[in-house]
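Order of writing sets the chain letters: A, B, C and D. Residues in each chain are counted from 1.
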Amino acid sequence: MAKEILRVNNLKKYFKTKRGLLHAVDGINFSIEEGKTLGLVGESGCGKSTTGRLILRLLEPTDGEVLYKGKNVTTANKKEMHELRKEMQIIFQDPFASLNPRKSIYELISEPLRWFKVYDNKAQTLKKVEKLMETVGLAQRLINSYPHELDGGRRQRIGVARALALEPKLIVCDEPVSALDVSIQAQILNLLEDLQKEMGLTYLFITHDLSVVNYFSDDIAVMYLGKLVEKAPSIELFKNPMHPYTQALLSAIPSIDIDNKKERILLKGEISSPINPPEECRFAKRCNYVQDICLKGQPELREVSPGHFLSCAVM
Amino acid sequence: MSRYIFRRVLQLIPVILGASAIIFFILSYSNQDPVMMLLAGTDPTLEQIEMTRHQLGLDRPIWIQFFSYMGGLVRGDLGVSYSTGREVFKEYMLRFPATLKLAFWALFVSVLISIPIGIVSAIKQYSWFDNFGMTFAMLGVATPNFWLGLMLIILFSVQLGWLPAGGYGGLKFLILPAITLGTGQAGLATRMTRSSMLEVIRQDYIRTARAKGLSEKVVIIKHALKNALIPIVTVLGVQFGHALGGAMITETIFSWPGVGRLMIDGINKYDRPVVIGCVIMLCIMVSVVNLAVDILYAYLDPRIKAGYSK
Amino acid sequence: MNTKNDLILDINNLVVHYETVEGTVQAVNGIDIQVPHKHTLGIVGETGAGKTTTALSILRLIPDPPGIIKGGEIFLEGEDILKISEKKMRKIRGRDVAMIFQDPMTSLNPVHTVGAQIAEVVQLHEGLSRSEAIKRAGETLEMVGIPAERSTEYPHQFSGGMKQRVIIAIALACNPKLLIADEPTTALDVTIQAQALELMKDLRNRLGMSMIMITHDLGIVAEVCDDVAVLYAGRIVESGTVREVFKSTMHPYTEGLFNSLPVINDKGARIKPIPGLMPDPIELPEGCAFHPRCPYAFDKCTKETPELRYFGETHGVACHAYDQTGFKLKRRG
Amino acid sequence: MSKNVTTINDTGSALKKRKKISRSSEIWMRMKSKKSAMIGLIIFSLLILVALSAGFLVDYQDDVVTPNIPERLQGPSMEHPFGTDSIGRDIMSRMIYGARISLGVAFAAVIFQVIVGTLIGAISGFYGGKVDDILMRINDVFASIPNLLLAITIATALGHSIINMIIAIGIAGTPSLVRIVRATVMSVKDQEFVEAGKALGGNDMQIIVSHLIPNCIAPIIVQGTLKIATAILATSSLSFLGIGIKPPTPEWGNMLSGGREFLRNAPYITVIPGLAIVTTILSINLMGDGLRDALDPKLKQ
């Protein structure tokens, strides 16, 4: 019924550093169906943001391909890429850094419209900007304000409005709410949800916050040190987490439920270095169930039950 | 660490050769003639001029002159002065002790003024002391050395007669030049100390130190100052390096027989080997001081040390 | 209610302002806090609610200028620390009251070894010799799960989670009676946060400390705290035991916070954000500071600031809505 | 379309009172609030005014260059407020003309530096890689020779004229400006909003015009201002050493140097031009500092 809008095949991104090759993203595969949300979850340094940037080709991949509606994004030429930018957009994590401090809200939101020459006159552009501001819940009188005069929540609304300006189909949301307070976070999440319903948007929702991702996503992919370790529909993942890392991650969320205290799985140590990682399973050093087989390498992601993919040799 | 030093010394070579080449060509394309300068006042015959030119090797094409000079340079030969006929390196070493002495005492004056004022100004930001300190620093930056030197001469030599107006000798002769050069340097160093301290005392680890119950003195000296020193040491190092290369203006005012005077004399006489020799030595001085400063960084900040050993 | 003698900390009507060029920032506007011995109090609130200001007041570390403690009393075991000399206060910091700061990346001095940074505090407060202090530093590191040999290393050689352990070690080195933790795990990853929380809980129980846990995360409060105070615009709007506040929430703002959270076990439950924004602390609205965002606000809320009133022994709420008989919150599912 | 979306209702925020103010007037307002910056600006404007109107105020032949031996070495008086010099010329007239030379040379040299420095620095910072490597190595070599020494060498080689002074000081001050511009461009280039611009479909040119230039211009203006002070200092230093502008053309540095033989009897010949230099440089630095604070939008809070 739903068709695939984005497919990522064996995507890799290595960065050269002084100490060796940093395997930021190391051969990941997934796809998203139109109108759905895929949550990409992981801790800092796992490569989730790099993945988002690779999809939009803000970074050039080392290997692999990104297909948007069957078109290969990674090999698109300048002109094709320019057209693709209208279809795929991004909302950044830090609403302070991602808005040019010297531009007013009008200039910020109208920028893509002007660049793509969507309208031939200023009045139409202004009307569109006003409409976008209304859509994301920004008061019209702020149109000439500068980002530093606004709070984080409003700034993030500007980021959303800009992403919507060209009426894209796919939006990569890179930790869009993690810099915000709980009550403001909830406002932005609701906004994104409403927009999805109204405009039929597809989201890749990148976050480290599991409770948010569960609420927001249809499917969840869990990332650890550049690899996907598990992927499943979110209800299934939360009910039946299979990878030891997913299990630990889920149990680590502090719960507000004071009556049902769950047993916490504590992991040993901390995330190891992504620079020149050894052949073994990336999680082997911290895993409570590690066996000899794990040291031979990380297994491919395989389907263990319908829609539920796992990369673990033991479970 | 030693590998790091070795690498730095290697990097220095192209810079010195480049700087020498620049000065060489600037002086060579001058519309002035060193031979005429040399023979000035002797009413030379055409023959004499040609002979001198030949002796100095200036009748050869410019590229030949250049490569012959550079060839000498690579062998460590700075050449011979046109005007005195002596080896440039010997001339230089004759003057260097005076410059070293002046540079060292100027640094002493600068440190003595800038660090205490900078620290107190930062701790008591916007107080009357801070205003006073910053006005002083602003004036230090805005006052030209040559004028400050002359003002000190007017006051201490001409009016009060306490100190000599120039010349080379014991401490008496050193005081005015050292103060002139040192206070000039102190202006910038004071501003740097203040801003660096202000930056550091806002850091979280200073709050951690206070939360331990440490006294303010310990917090400032032990926890803040060491972190703030890097930009201060950088500024002081650059100034010291330049002073080592010859404080041309201060040395001129106080008739201080250092390498700065040698350089000025060389320029005025179009004595190319002397000028290039001085520039090369200056580059070496600046680089040696920079290297010393970098090594000092490693001592001040373990993160930088870790970076060097890679 | 607790009697005075049971309390390690008793704050009465604390008011802290920051005088800035743009106006007076009313950061803390009359806060009462009681912490009994061996209890853990959670202080919850969003950015700008006055959490950190409250914490720093207890150590008298409010940056002055621009901060001024305008009024109130802070009794530490019966003694008003706002009235003692700075010298005496320094003896309390690090020895009786210790603090853990939010960002482990910036809270350690980069130019001193971690061992020296721990040894410094024991040397200062317990009169140990340098070598004894260094030995103690090693023991304290072991206590937080770091091998003693690493005491000669510098902070940049530690990962984020390890740095936070070092900070915990510094705070606990002198066995403080009260530990103030200001968002101690916000900067950490979830799995590392779990390790740090576990460690803090364990040490608190072993050392018999009282603790104030400042956080914006209600989940952490549920896991770690006995009591909780909810802060909004520099005032406590609701306080009580964790059970009281979580299970029979009374203040509309607390309700809003809970409704803003996605429910992890119930994907269908839609979040209900609090409309609007935190008020500007320079221009707090009249009456109840929450009234512009409150769905239950009526006339009185715009005029009078509600006082904390108690329902039962420990459950306090500052809300006028309870003047109306039969008022009840509509908490989500 | 947006019926489901909650619009933020404002809660006593300070934003309500805000009217639309243009950016330039906002910068001006911030500048005005800083007393020291305004003092600097006023003094500097007066100096420029004096320099520009020098031709109306004094007669170059009669007042500035022609010796008047009978009136030599007269101390300050009503007739000669700053006294006369060793050959009897009115020091005030010479100072007024000297302002034109000192400021003129400095301005021209800085314009040279800003044009060349910005061009090289921006290319280097924007393109990076090999281009950057080569340009920076060359720049490093120039930077390794101290400013004053480089200026002296160039001035000596070219000969003593105003144009040559401008070239000498212009070239000598360029390497440090190249570095500042390059560092600024690189730091702006790495900002997330530049990446955001790319994601929104901007091409190189659009991103340069829209994001890079506006964020680099403020630091360049500030540095340019401060560089005027350095250039004035360099001009007068060279003239003082007898390498720069030669008498009888009046320049503050050579006037001051001319008083050296008369320190005992006529110290004012040395004192007054020096005070003028200090005042000028001080006013520029105060102004530059104020400008830096005023141009930084993040400092506003």
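Following the convention adopted for this analysis, a contact is a pair of C-beta atoms (placed from the backbone, for glycine too) under 8 Å apart; a residue touches a chain by one contact, two chains touch by 3 or more.
Model, not experiment: these values are computed from the prediction.
Engineer: Please give the intersection of the contact partners of subunit C with those of subunit D.
Structural biologist: Joint contacts, listed by label: A, B.
Engineer: With chain centres set to the mean of the C-alpha atoms, which chain is at the far end from subunit D?
Structural biologist: Ranked by distance of C-alpha centres from subunit D, the top chain is C.
Engineer: Between subunit A and subunit D, what distance separates the C-alpha centroids? Give it in angstrom.
Structural biologist: Roughly 48 Å, centre to centre.
Engineer: Centre to centre, by mean C-alpha position, how many angstrom separate subunit A and subunit C?
Structural biologist: Chain centroid spacing, subunit A to subunit C, equals 32 Å.
Engineer: Provide the C-alpha centroid distance between subunit B and subunit C, rounded to the nearest whole angstrom.
Structural biologist: Whole-Å distance between the two chain centres: 53.
Engineer: Rounded to the nearest whole Å, what is the centre-to-centre distance of subunit A and subunit B, using the mean of the C-alpha atoms as each centre?
Structural biologist: Measuring from centre to centre gives 54 Å for this pair.
Engineer: Pull out every residue in subunit D that's touching 2 or more other chains.
Structural biologist: Those would be 6, 8, 10.
Engineer: Hey, what residues on subunit C touch two or more of the other chains?
Structural biologist: In subunit C, the residues touching two or more other chains are 273, 275, 277-278.
Engineer: Of all the residues in subunit B, which ones touch at least 2 other chains?
Structural biologist: As it turns out, subunit B has no residue touching two or more other chains.
Engineer: Give every residue of subunit D touching subunit B within the complex, in rising order.
Structural biologist: Touch list, subunit D to subunit B: 137-138, 140-142, 144-146, 148-149, 152-154, 156-159, 229, 233, 236-237, 240-243, 253, 256-257, 259-260, 263-264, 267, 270-271, 273-274, 277-278, 281-282, 285-286.
Engineer: Can you list the residues on subunit C that touch subunit A in the complex?
Structural biologist: Within the complex, subunit C touches subunit A at residues 46-47, 159-162, 189-195, 197-198, 216-223, 242-243, 246-247, 256-265, 267, 270-275, 277-278.
Engineer: For a test of understanding, state which residues of subunit A touch subunit D in their complex under the given definition.
Structural biologist: 53, 56, 58, 82, 85-86, 89-90, 92, 94, 97-103, 111-112, 115-116, 134-139, 142, 144-146, 148-150, 153-154, 159, 162, 165-166, 187, 190-191, 194-195, 197-198
Engineer: Could you list, by residue number, the parts of subunit B that touch subunit D in their complex?
Structural biologist: 14-16, 18-19, 22-23, 26-27, 29-32, 138-139, 141-147, 150-151, 153-154, 158, 165, 242, 245, 248-249, 252, 263-264, 267-268, 270, 275, 279, 282-283, 286-287
Engineer: Mind pulling up the subunit C residues that touch subunit B in the complex?
Structural biologist: Residues in contact with subunit B: 59, 61, 90-95, 98-99, 101, 103, 106-112, 120-121, 124-125, 154, 156-157, 167, 170.
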